[in-house]
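Both of the next two complexes hold subunit A, though its partner changes from subunit B to subunit C.
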Partner chain A sequence: MKRYLETGNFAITEGAILAGCRFFAGYPITPATELAEAMSFRLPQVGGMYIQGEDECAALHLCIGGALGGYKAMTATSGPGFILYADPYGWAIGCEIPLVVLNSGRVGPVSGITGAPGQGEFYLTRYPTQGGNFETIVLAPNSAQEAMSVIVESFYLAERFRTPVTVLADQLITDGFEDISVPENEGEMKEMGFRTWPRKINKGPVFYPSTDEIDIPPVVLGHNTGALCSDWTPTEEGYDIEEVAAHHKHAYRLIYKVRNHKELFNNLYEKNFMDDDPELVVVSYGTPSRVVNTAVKKARQNGLKVGALRLINLWPFPDEHFKKKTKYLSVELNWDGQLVREVQRAAGKDSEVHFMGSCGDLPTVADLIETFEKILKGQPLKRRGWELEEW
Partner chain B sequence: MSTRTEILASGFGGQGVVRLGQILGEAAVKQGYRVSMLKSHGTEMRGGYVRSQIVLSKEPIDSPMVESPNYFVALSLAAYKAFKHLVKDGIILYDPAFVVEIDKGLACVQRPVPAKDTSVENFGRPVFANTIMLGVLSSIVGELDPDIVLESILHVIPKYHEENKRAFEIGYALLGKSADEVLHKR
Partner chain C sequence: MDYLSKKYLRPRKIPSTACSGCGLGMNHKAVVQAIYELGLEVEDIVWGTSIGCAGRQTFGTWKGDGFAGTHGRVYAIARGLRLTLPPEKKIILTVGDGDAFGIGLLHLIHSARSNADLTIIVNDNLGYMSTGGQYGWTTPHGSKTDSSPYGMYEHNLMSDGMDVLGVLKHAGATFLARHVAMDGQRAVESIKKGIRNRGLSLIHMVYPCPTNFGSRELGTRDTIKMYDYIKSQSAPMGEEKENTLWATGIYHDTSDSRPEFSENIHKNIEKIRRAAAV
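And now, the complex of A and B:
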């Protein structure tokens, strides 16, 4: 195991290469530029290929090409680039192409500030393309080290589910430096809990409409399957067909292959101080969850009954964590409140759901503890762009 | 006593604020510390600022935020004004070439470090100010081994090894006796 002081971008690059990624196409954008840079340097060293697209839309289409050519492929961007993935992301979902897409969130909308973190793509990663009739897998790490393991896991899931997987990081993770351990052999990878899945080659039929089966190898062009890749509703053999009955089968598969096998990733969460039925459960993901952990620890020393739930698996949303009737507080890096809406839906009417957002910077421990106290005393919260009570 | 040491450095683009944090962090990793270093930056042309938030700890680091720095390196007046109130019982090191007025009402220790002028005096240009500041920090941050910090400087900055070595030594000696006082106070 080698230790470095390095950025999340470095950790993600090394993780991707360990997972077998040999193709990267992207378009540079802060805070993911260094990832593209590192890939352009590292991939040729391991027999891989780096291509810079003329824009993000082209870059993700290039990744689809890379995957159809037999490579494990990934791309990386930030919010302003992720929005341009809408078209190729849909192709990848519809044609069942395994890919890994990294989005490092910065404060928005649009370009916002290059070097300030944000969590404005919670819903965008669920609906990265138009049309509906699909389910997406989204994972969110909270440190550079975990970004490495989440990337490895994403390649694993992408292969098994035959679908793109989005990793939702933030500027602080990709741009920030941390001490990082990189495994140097398979034994060390196992020790760190990394699991990988080799690229297998589909021998046809190309599509499996109406089934929720996973572990069906993806299409690699030229291996008995011809060149069947299209944005239209497919037949089992991969030909286009504009027929509602055929589309029903296709849509069923795209939704239920993910929904019916959630056990492969719904163990990706972290609970801290949740054993004694806390009166307030603080829900978060990404970098804010680390400040939440510190705040919850301190608040408990002050006698507050709070616990912390951190989501790593964001989509499909893990409703099962919110069955207990209690008070919930969603802490997010946005002022409009995104995760909170899902918590509200999953928690049901009897629970109280609160929101605390910050815009462009992390919340402070002091601010968090003050908010915990107010919620537990039933006092109104500070206005932060959006408050539940006013809806 | 807290198990974590917090260092905040802030100034404007090009002063080496991120580089400074990276060197300190790398030295700490070599010493076996867990390290996190957040960097915030805007684009200089659009009025951005640069800030490094460094946390060292023997334990895994939860919050990477520097909320109460033990050491604050202020390299611009705007940075000084923005973050001086965070320093409760820590130390502010400021370069008087940029921080032209200080708040005498603060309870914490404040020390001027004329890194820019010292660099110009000794090397004819300001580019070694950052290394001088790293020398100063190595003389007062008890957690850091100065030899390892110097090793990291030479590793991270590929050029001007002789000058950087000298600049580091000048910085290390710059506070003289008052470095001991500062250390003692900690």
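And now, the complex of A and C:
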């Protein structure tokens, strides 16, 4: 094990290499630029390729090409680039191509502030392309060290589910410097809970049966298997077809291969002070969860019966955490309220759901504790800096 | 096409579902004939296509491996594939004019810039014909289409002395040719040269669309009239007449003159890897 004081981008690069990534196509964008830079430095050293696309749309298509050639591929961007991924995302989801996509969120919409963290793509990562009829896997780390393990896990899941896996980070996670341990051999990887899955090659001629099966190797071109893949509704052999019945089979596979195997990733969450049925559960993911954890710890010392639920697996949304009738508070880096809507839906009418958003900055521990107190006393909440409707 | 079809194409997809009178099959045959004459086998080629008439009608026809990209993106996918396939595998793309010269032009220019070893056949039916017939970036000036009911008057890549092949030449493509579907063996010879070039080759091949282009511009779906429209306005380079819109032949050939995209990258990676290992 080697220890570094380094950025999340460094941790992600090393994690990707450990997971077998040998192809990265990117496009410079703050705050994911340093990840592209780190990849351009490290990948050639291990025989991998770094390519710069003419735009983000090209970058993810280049990754698709790399994956079709049999490589484990990855790209990274921020919101303005993520939106340009919509096109290749659809292709990769529809053709069932394993890829890892990292989005380092900054405050938006559009270019916003390049140096401020944001969580405006909670829903966009669930629906990164048009058309519907698919399920996606989204994971959100909250530290540089965890970003490494989440990247390794994403490559593992991408191969088994043959689909792009999205990692939703933010500017503080990718750019921030932290204490990072990098395993140096397989034994140390195992010790850290890292698991990997090799790229296998679909032998054809039936590539993807109309079932929810996972672990079917993805299409890889160039092995003369007669592999076919396209943007159209496929037959089981990959031919294009204009037939609703064929589309039903396709959509079933895309949705249920993920939904029916959630056990492979639904253990990715963190609970603090949750064992004694807290009166208020504070829900968050990514960077704000670190402030939340501190605030909840302090609130407990002050005698408030508060617990913290941090989501790592964001999508498919883990409804199972919200079965208990209680009060919930969603803490997010946006003012419009995104995660809170899913919490409301999953918690149901009997629970009380509150929202506390920040826009470009982070909540403070004092802000959070004050909010906890108000909720527990049944007092009305106001959003920081902006008075809007109550949640 | 029978002997070529049996050897290289899938019976499920041939004949294609193209409209009657469509000239795409002539272009398609020229490509397969060129492959045959070069002595290439099914496993030597990975075939990519785009959307639109040209993409959809040729997708899945090749007996070997194939893929189809979304609108205009197949050039970026193909470049990623180029990097990860062995260099001896040829990548051939059959695409349309809207795909290559409209929505995909940025990616195409960067494919030329990087000199990726791809052979791109741009099948030009003079506009967006699979969506019913709207003008595109090579539609002759004055043509009536569904989106130019008064005659096409917007500047495009083949009007006012412009030539889309000029754009690609200056972007770094190393083989460029133009033909019409009726050019027969002359087109086959150009495609052969394009496939042989280790770099970006593009063959622009105009073909007749009686169903949508012909019916709007010529007022008839008469196949012969549509074929005459293209044939009479094309001539081999050097033999152009006043009405020649498409001068056919090799426009630019600097085959094998500069390092190919993937070769260049792999060479540099190998150097870095060795230095890192020391």
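Throughout what follows, the second predicted complex is superposed on the first by the 376 of 391 C-alpha atoms of A that agree within 3 Å, B and C clash if a C-alpha of one lies under 4 Å from a C-alpha of the other, contacts with A are read in each partner's own complex, and residues count from 1 in each chain.
Operating definition for what follows: a contact is a pair of C-beta atoms (placed from the backbone, for glycine too) under 8 Å apart; a residue touches a chain by one contact, two chains touch by 3 or more.
These numbers come from a predicted model, not from an experiment.
In the superposed model, A:290 makes contact with subunit B only, not with subunit C.
In the superposition on chain A, A:176 makes contact with subunit B only, while subunit C stays out of contact range.
With both structures placed on the common chain, the touch criterion links A:215 to neither subunit B nor subunit C.
Within the superposed three-chain model, A:191 lies out of touch with both subunit B and subunit C [touch as defined at top]. Number of subunit A residues touched is higher for C, counting subunit B against subunit C.
Once chain A of one complex is fitted onto chain A of the other, the partner contacts of A:64 are limited to subunit C, with no touch recorded for subunit B.
Of the two partner chains placed by superposition, only subunit B is touched by A:113; subunit C is not.
Put simply, subunit B touches subunit A in their complex at residues 21-22, 25-26, 28-29, 33-43, 48, 61-65, 67.
Subunit A meets subunit B in the complex at residues 3-5, 113-116, 143, 172, 175-179, 287, 290-291, 293-295, 297, 361-362, 364-366.
Residue ranges on subunit A touching subunit C, taken from their complex, read 23, 25, 44-49, 51, 53-55, 57-58, 61-71, 73, 87-88, 90-91, 95, 221-232, 238-240.
Considering their complex, residues 12-13, 42-43, 46, 49, 51, 56, 59-60, 63-71, 73, 76-86, 89, 106-107, 109-110, 265, 268-269, 272-273, 276 of subunit C touch subunit A.
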